[in-house]
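In the two complexes below, chain A is the common chain; its partner is chain B in one and chain C in the other.
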Partner chain A sequence: MTGRDDLEPGNRQIGAAPALGVEIPLTSSRPATARRLAAVYTPAVVAFAAVILLWEGTTRLLDVETFLLPKPSEIITSFVDTWSTVWEFGFRTLWEAFGGFVIGVVAAVATSFAAVRWVRFREGMLPIAIAMNSMPIVALAPIFNNWFGSTNVLAKMSVAAVVVYFPVMINTTRGLLEVDPGELELMRSVAAGPTETMRRVRIPHALPFFFASLKVASALSLIAAIIAEYFGGPQNVLGQYIINRANLFQFPDAWAAILVASLLGIAFYVLILVMERLAMPWHVSFRETE
Partner chain B sequence: MKPTGWRRALIMVAALALVLTACGDDGGSGGTVEGGECETIDDVRLQLQWFAQSQFAGYYVAKDLGFYEDQCLNVEILEGGVDIVPQQVLATGGAEFGLAWVPKALVSREGGADIVNIAQVFERSGTLEVSWADSGIETPEDWAGKKVGNWGFGNEFELTAAINRFGVENVELVGQDFTMNDLLNDEIDAAEAMIYNEYAQVLEAVNPETGELYQPEDLAVIDFNEVGTAMLQDAVWVNADWINEEGNEDIAVRFLTASFQGWIHCLDNFDECVSVVLDNGSTLGQSHQEWQLNEILALIFPASNGIGVMNGDLWDQSVDVATAEIQELQGVEISDDVYRTDLAEEAIDNLSDLDTDGDGYERRDIELQEGGN
Partner chain C sequence: MTLVVEARSVSKTFGRAGEAVSALAGIDLEMSQGDFISLIGPSGCGKSTLLRLIADLAKPTGGELSVNGKTPERARTDRDYGMVFQSATLLDWRTVTKNVELPLEIMDVGGSERARRAEEMLKLVQLGQFADHFPWQLSGGMQQRVAIARALAFSPALLLMDEPFGALDEMTRELMQQEVLRLWGETGTSVVFVTHSIPEAVFLSTRVLVMTPRPGTISHEIAIDLPSRRDNETRKNPRYFELITEVRDALRSHD
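Coming up: the complex of A and B.
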């Protein structure tokens, strides 16, 4: 009914375990052999390789113009040729995204706690949060450029922060609030105050929701940073590089930069995964499927 | 009560007449123009580089005053914008004619856009790098360690060429938006500006210290023509495949004839031309469009070989700077086939009794109003 399978009969002790301070490791401790790793990752690698080959083959066969769709070989060539430039620009953009991500997450978590603690705050906050979520990035970027100055990194970070705020706030609030009433009763029955309840019940319950929202937010923050860069500011960043290359018909270069953006996005996502794993080793999603 | 008998017939005839005249004014291919002897009218599209403004007065005049019609052309003028790249529009068949700067077009050609220059309308470059007079920035070397703004998209080549040529170090290149706000807010030390547009936008802004408009003396200007890295700008380009199709060279000559006629008309009918531009929905107002037309005509006229006919020496100079200083063009052989003069020369011949050189053109004094109104 609650959709949490760690509360199903037979698993009940696992859900309750964090609240009582007992941690039961759920992952089996089989060693990760090379063969098992291969079995897990092979389908993905094969699919990826197939897509690349299909892309290269089709563009060669149909003699597609480079400015419509470059061949993967052209993109890789450009990627290698412009290696230092695209990575330098990429890390600068990543910094803007990460800074905005941190600001947005901190604001989201803070308001989330307040929303749980005070009902009035929650009711007042929600419309504002929804309004912020509806603001298009392309409208925010020139405004923040004006407020902070286009050469100030805060202008780009703010755009990322606004974009990150809503998903994290909404999901964290939900995670903190939608706790099984049974557990809340349990807390009340042992005379635990709101802080204890928060620490032992709400926060562990919210962690999966929180990390899920962080995964979404990581990609959003990078996208927001790149788009915000389109509107002006230092030109040694990914967004400016992409549009300038594209407008001069240098599409392999633009795609190489997009490739860097994707790789950085993946790295950011993996970082979140690692943090999640460290914070919630007990969680259902880390159990290995047989 | 429904109309009966002859009343109904009258209404039907009136409706039919309305529909027929509407169709007639449509001027679609196969239609005939009023009072003309055109067998067919050709539909073509012209892609501008920017929003409607005096920079394109000649084309708007040619359309509104019927010069294109006289050439049996129905020209749709497509306004440009921030993300509209005329070379791309041409390469993908979105227009028959497009306006673009030579270096941008050369780089696009390297990227696969097969386009040809059929008329070099502007003979001089209008690009400036503008700073405040008290900034001490007077030559390219003074950009060292400064924030130097530019618009990207290929508009920056004259600037980056100057930076390379003079070995200026530690320049922080900053992407500007298309206003002068970044300079007015001291966000950057130098801003890219066209003498006919953004430069005037500064002079149309109020200086908070004096309460009056900014004056030319408040600004220090670096002119790329003087620096030596200026390159040719507005030219009419066509898709190479299109121009090689049967009948399209003729269309091109007719298009150029009417377009040149439009520009020449502005030499003696300045105010009328400004009105035409304003009527076509320019963003900035009267005084700004007057300033702009004044400066634009100075970039076109005097025209060494007649308006639109490429001066080979100027082409060579632009190509020299481009291949030396633009990264994408280094080591590239640029053949003279990239431009042609035959079509423009034919157009000039069609206008032999008009002032195609504009030798006598002199700029007038324009008084700017706040906000360009």
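Coming up: the complex of A and C.
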């Protein structure tokens, strides 16, 4: 893995994340890196600051009522005041989302492997799975509440798991199957069996598809958890907190909870980017550009 | 002595009866250890198909075909041949060394022995200093050399090459031809080489088999009686031009 470093010593821009167009730096061993980082992040920081200032300015200037749209300063004040509550609730919601995410991903990968291994299974199950994918799965939340009991964390995790399952399963199966026929012939020419081909060609080939679907799934799992919470259950979670504070017209509190949900979603996403970078450092999206 | 490749009226048809397309018909071929045979002909003459039959990447529909005295399938699972494809087909996620080690990994060769073989092979194709590079960091010619090193890594008796230099520029191509001849001399392997370049076929081979399409058959067999040491002088040898003309006439005789 040192070859790329030898080739272009001055060039250390690593970790382009295609979906967001954001650079995630993982190594910073040279002074040039700091300047590069600044160059990469400055536009995003400036744009973000501009939006916040514009929001604050317009709400003040037009005297927008807090219950319609609170000022950013009001949201931040509430965020600081309710700090321990929103984070506690936030992590409980994140746990539901993450638990569901893990269950959904494991089930999806197992299905994908089975779909590659058994053609019959693939031909029978995949069309059904794709059809089910267009079902609005969060609509199942009340059913799952009934099955597991609305206070059982599994009720929320199940919704997240089902939401995560389909995109991950469909993308991973595609990645495992849509392999360059030339590479399959190469494996055949060296008398490699199906397990060898799976390990050395199909799985590496599916990784970019898999991680792309995980990025989508990470956001979906949080959405699913919060919406499932709206349908009832324990009160000490973000979804119920947002409903309760909104009912009491405490909109800055609701917005502070939304801010927590967003920060958790971003953290979840970044975690997956880091895993992606570690799992496939060879991938085209991480190559140094001139 | 066993023939490396022996074909008796081998044929290959694609599709079902009624709309079947005959790709190869009546192929007879005898190849001894150390032969360098080129298959040449226009697109669709079945030269790649014949190579794929030898490699057991497709099955003949008629006739007898044996590789190293075995069925092609047995020869494949015994790893009697190494194959170089039209495109280098290197795995993007592996370094040059790891790509060369791929067949050895599948053969369960131990780590240190794999590393030793890979190093030796990369030295042979003169890419020793690129061992830790990734395929996308190499030029097309270098990638194809890695593919050759991979095919030779387990010292197969037979090297099958399917238009390996088709995508390379003329200068690189001539260098690669020199390289292949050197490897052939050093390793003592037999080579079946598919090409559509007449000078390439003449320069490399001990025998050129001219193929004609619809259905694919071997129409001429031309022994290349150039001195066994081939270099840039060979390319100026009057006999070289005569042989090129002979192959060209053989290809045209069926228009």
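For this structure, a couple of remarks:
In this text, the second predicted complex is superposed on the first by the 253 of 290 C-alpha atoms of A that agree within 3 Å, B and C clash if a C-alpha of one lies under 4 Å from a C-alpha of the other, contacts with A are read in each partner's own complex, and residues count from 1 in each chain.
In the analysis below, a residue touches a chain if its C-beta (ideal position, glycine included) is under 8 Å from a C-beta of that chain, and two chains touch if they have at least 3 such contacts.
Predicted model, so just to flag it, every value in this text is computed and none were measured.
In the superposition on chain A, contact of A:S150 is made with chain B only, not with chain C.
Of the two partner chains placed by superposition, A:I76 touches none, neither chain B nor chain C.
When the two complexes are overlaid on their common chain A, residue A:M198 makes contact with neither chain B nor chain C. After overlaying the two complexes on the shared chain, residue contacts for A:Q250 are found with chain B alone; chain C is out of touch.
Chain A has no residue lying at the interface with chain B in one structure and with chain C in the other.
Against chain B, in their complex, chain A makes its touches with residues 65-67, 142, 145-146, 149-151, 229, 231-236, 240, 243-244, 247-251. Those residues of chain B that touch chain A in the complex are listed here as 83, 85, 87-88, 91, 104, 107-108, 110-113, 147, 150, 152-154, 172-177, 181-182, 185, 187-188, 328. Those residues of chain C whose C-beta lies close enough to touch chain A in the complex are 55-57, 76-79, 81-83, 85, 87, 89, 91-95, 102-103, 105-107, 130-134, 136-137.
On the side of chain A, the complex with chain C involves touching residues 1-4, 6-7, 180, 182-183, 185-192, 196, 200-201, 204, 280, 282-284, 287.
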